[in-house]
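Structures are listed in the sections that come next.
Two complexes are shown next, each including chain A; its partner changes from chain B in the first to chain C in the second.
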Partner chain A sequence: MTEILKVENLNVHFKRSSLLDLMRRKKLVTKAIDAVSFEVERGSCIGLVGESGCGKSTLSKAILRLIKPTSGSIFFENGNIQELKGTSLFDYRRRVQMIFQDPLGSLNPRLTAGEVLEEVFYVHGVRKSANRKILVHSLLDKVGLSRDVVDRRPGALSGGQCQRIGIARALAVDPDLIIADEAASALDVSIQAQILNLLRDLRHDMGLTMIFVSHDLGVVRYLCDDIIVMNRGQIVERGGIDQIFDKSTNPYTRSLVESMPGLHRQDY
Partner chain B sequence: MMSKLIIRDLTVEIVTPSGPIFPVEQFSLSVEPGEIVGLVGESGSGKTMAMRAVVGILPRSAHIASGEILLSDADNAFVPSSQQSHLRHNIAMIFQNPTSYLDPLMSVGKQVAEPLRLHQGLTRKEARTEAIELFRKVGIHDAERQFDVYPHHFSGGMKQRVLIAAALACNPKVLIADEPTTALDVTIQKQILELLCRLRDETGISIIFITHDLGVVSQLCDTVSVLYAARIVESASTIELLNAPLHPYSLGLIRSQPESAQRDRPLPSIPGQPPALNAMPSGCRFLPRCEFAIQACKQPSPPPLVQTSAVRSNACLRWRELQTLGLNYD
Partner chain C sequence: MRAARLLLSVGFLKNNNLTLVLGIFLSVCWVVIAIFAPWIAPYDPIAQDVARTLQPPSFAHPFGTDNFGRDVLSRVIWGSRVDLAMGLGGVFAPIIIGCTIGLLAGYFGGIIDTLLMRFLDITISFPFFILMIAIISILGPGLMSFFIALALVGWVSYARLVRSRTLVLRHSDFVAAGQILGFSSIRIMFRHVLPNAALPVLVFIMSDVVLTILLGSSLSYLGLGVQPPLAEWGIMIAEGQNFISTAWWITLFPGLAIVILALSFSLIADGLAAQYKVSE
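Now for the complex of A and B:
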């Protein structure tokens, strides 16, 4: 297996000095990401877990090149993503896609589902409207939506349907790496199971690499091969399912796993 | 002196231009003193609406169409729901998002002291002492100093503690907790659940816990009612429900928990989605998604909730068969 993504000693710091601090010549920084290094193998699914504020989302944004790291580097297929420009950057943007947490909030309320998806194809060079429509239809089939949703706006779709549109949009351009930021946590239990199954199947069918950001350890255990536990901007532990859930000796990982509300059926 | 709460055949109606819709239908629940009752259902299943009706804070467009809410008083006699003030004084509610229920311009201590001054006529000083006592009770450290702090200084978990303190201020008999931990991290969630358990043990308060998370239910609740499309489909003790659900929907919910799933198989999910309130299927509401449906399920009205044992009730026509099938998780 080859690695598709490599993060090396990444730091993202935010300044948080107030005016008063600056006058006193004090500079305070928040270390949102603090010396983080890891690699992601092609075709694997990595779970990124931790409490809110631990830097999960900042890390995803840095990988997507939405924020500039303070230091350190991120390599995608051996190319440093900070150095990408022009067409190579455009290509990187195509190959790394994101699925967002809030299914409704991440879709433009004024565009129909069909327009949302067509836009992606238009940007990536499919100029013939008829061709785009065909592509949209095949995409809808792939994510298990009926074709009549193309004329509906997000407001007229359920949360689960919106999330499927979000997934379809990410898949439209045939990406290599998908970052799913809490992609199932805003959904109801019965719908969540459908979406998790969809992600799982798509991953196997299309050979996607996935980084699944979540605070729900149950979901991560079901979906991922490898888990990275983060706390206060640092990687606390990385390991397989067994390692994290059963064998971990790290106190933070243990406290997370023990707080997980499992179904205690055995005491019946 | 603790009380028993009985809700009988509660129906909530919303009149819309295209006719009335019923977000809650024939909702019955009884809560024993000191009991923690779970209310489980998907969004839109009516769990919050039913509880808002109980506390009397329905949105303006909705009203109680029928049913009664009874809370026993100190002499164990039931006071009818027409005496709203009795209910309001004795039932308190906490909500999912503590931030939006706290006034950002008022110190947290004052917000806890306010009901004490209004309802119990305490003086400023007495209310302050009492509020600090409440803060200690809900596990806010350094309570005296935290009294004058504003909500934005507090984390989500701490805000939820403040909200619980305010809810407990006038010694309610019943606390309704509407998804109080959904917005919190798992470690904080655990602390809040432990706090609620401890409060129940110390004060004997009854708690109705609304959630969509069966894991939380299994940790906290004594009994549980499952709602689907405005109706209760199954009520049972938590252990019985989780081990031997007798309604296909409860079974589907339990199976689709990723915690209990096997990694090498697809997660068993319930196909389709819940019906909209203005387009309910006739007969059993779960029918379009149910794998056990038979012709009889298509009767004109939804199957009623029937008692299947002293402490269980169920709204599936085929519950007997489901019982003998000995439904397992595979």
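Now for the complex of A and C:
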């Protein structure tokens, strides 16, 4: 298998200097990402786990080029993403997409579901309105939504429906890599299962590569074949499901696994 | 557009937002009066009649006549055209300039934000009214100078309002989604950020229209705005003040007109603000 994404010695530091620190002439630096390296193989699903504040979201933002890393590089198909601009950056935008944690917040409250999806096709070159409508309909079928949601605004849709629109929007550009940032954790448990199943099916049908960011080990175990455990901006351990859940000797991984309700019991 | 307005007002009625309905009703009345002024007004607003000067209100002249024998009612009706145009036209350029500057500053941040906001600070460091008078004195009195002067100094409130909303919206997920999807900054700013920052701006526009009308009237009063013999409420009050002890009607009626027009827009602003809180 070939690697689609490679992160090399990535550092993202935030300066945080309060007035008191300035008076003491001291600069405090938060190392949100501290010397992180890993690679993602095409077609795989990586789970990125760790407690809140460990740098998972910062890492996804850096991969999506929403924030600039302090040092280190990210390669997508052997191209350094920091060097992209103009059309090559636009092409990268088409190939790497994200699904957000907050289904409602990820949609513009003033636009209907149909407008949200049509806009993506418009920006990516589908100029005929009729063609866009056909594409939107096929997209809605793909994520299991009925076609009458196109006229509704996010406020009139349920959390699960909003998340499906969010997934549809990400799929609209036919991406290779999808980063799902806690994609199901804001939803009810029953809806959560539906969304996770949808993501799993889509991944297999479309041959997507996924990075699944979560603090929920149960979800990651269900979806992913490879897990990266992060703590305080560093990678603690990387391994397959068996390695992380049963064989790990790393104390942080053990504590994370054991803190999952029911997971560490023999009869589970 | 008109259908949408109608639907909106019906929606507001359901929420028992009497303030807003009353405000819209009064404003619509003024707009109708302004549009149909030539047919409603019983006399020519600038036709002088030396035989009938300073007549008190009567059946023939319900609001009386002024010192040139002009019918005050007709002048108030024709004045609504000038004052509405002044209020609505006066806020137009400030809205466009202010929203654009606020969006740019809030969305891009950094050096662009710093430069634009310091420019804003310089503009507001001069007293607003004095600056207006100075600009109009340079350009020469008249409605056009008034609009230009407003465009130069009136945008600051809009810029601040839009900037503060943009700073919040810039970090929202739907803006991030747009960036990830490769949308241009202009598209994100005007299609995704601005519509979500528009409601507080709309509320402010309503009170700004009132302030602009009052400002225009006071400038006309000082002789810097609309020029006589054109009927404008500020001018009418200025001209009538010499006769205030003997012919009160010359100043009272245009004064009332200003108050009612200002009230109607203020009511809309209050109503919208209440509506905004309800829907949030």
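Descriptive notes on the structure:
Methods note: the second predicted complex is superposed on the first by the 260 of 268 C-alpha atoms of A that agree within 3 Å, B and C clash if a C-alpha of one lies under 4 Å from a C-alpha of the other, contacts with A are read in each partner's own complex, and residues count from 1 in each chain.
Following the convention adopted for this analysis, a contact is a pair of C-beta atoms (placed from the backbone, for glycine too) under 8 Å apart; a residue touches a chain by one contact, two chains touch by 3 or more.
Please read these numbers as outputs of a predicted model, since none were measured by experiment.
Annotation for the three-chain superposition on chain A: chain B and chain C fit side by side. Legend: residue contacts after superposition of the two complexes on their common chain; A:189 is shown touching chain B, with no touch to chain C. When both complexes are overlaid on chain A, the residue A:197 reaches chain B alone and has no touch with chain C.
In the superposed model, A:52 makes contact with chain B only, not with chain C. Using the contact criterion defined above for the overlaid structures, shared-chain residue A:243 touches neither chain B nor chain C, since it reaches no partner.
By the touch criterion stated above, A:234 is placed in contact with neither chain B nor chain C. By the touch criterion stated above, A:90 is placed in contact with chain C alone, chain B being left untouched.
Comparing chain B with chain C, the partner in contact with more residues of chain A is B. Touch criterion met: A:109 reaches chain C, while chain B stays clear of it. Superposition on the common chain A brings chain B within a closest Cα-Cα distance of 11 Å of chain C.
Against chain C, the residues of chain A that register as touching in their complex are 64, 66, 89-90, 93-94, 96-98, 100-102, 105-110, 119-120, 123-124, 166, 169, 173. Residue ranges of chain C in contact with chain A, taken from their complex: 172-174, 176-177, 179-184, 187, 191-192, 195-196. Considering their complex, residues 51-52, 158-161, 188-194, 196-197, 200-201, 215-219, 221-223, 241, 255-256, 258-265, 267-268 of chain A touch chain B.
Looking at the complex, you find that chain B touches chain A at residues 42-43, 185-190, 193, 212-216, 218-219, 239-240, 242-243, 252-254, 256-261, 263, 266-271, 273-274.
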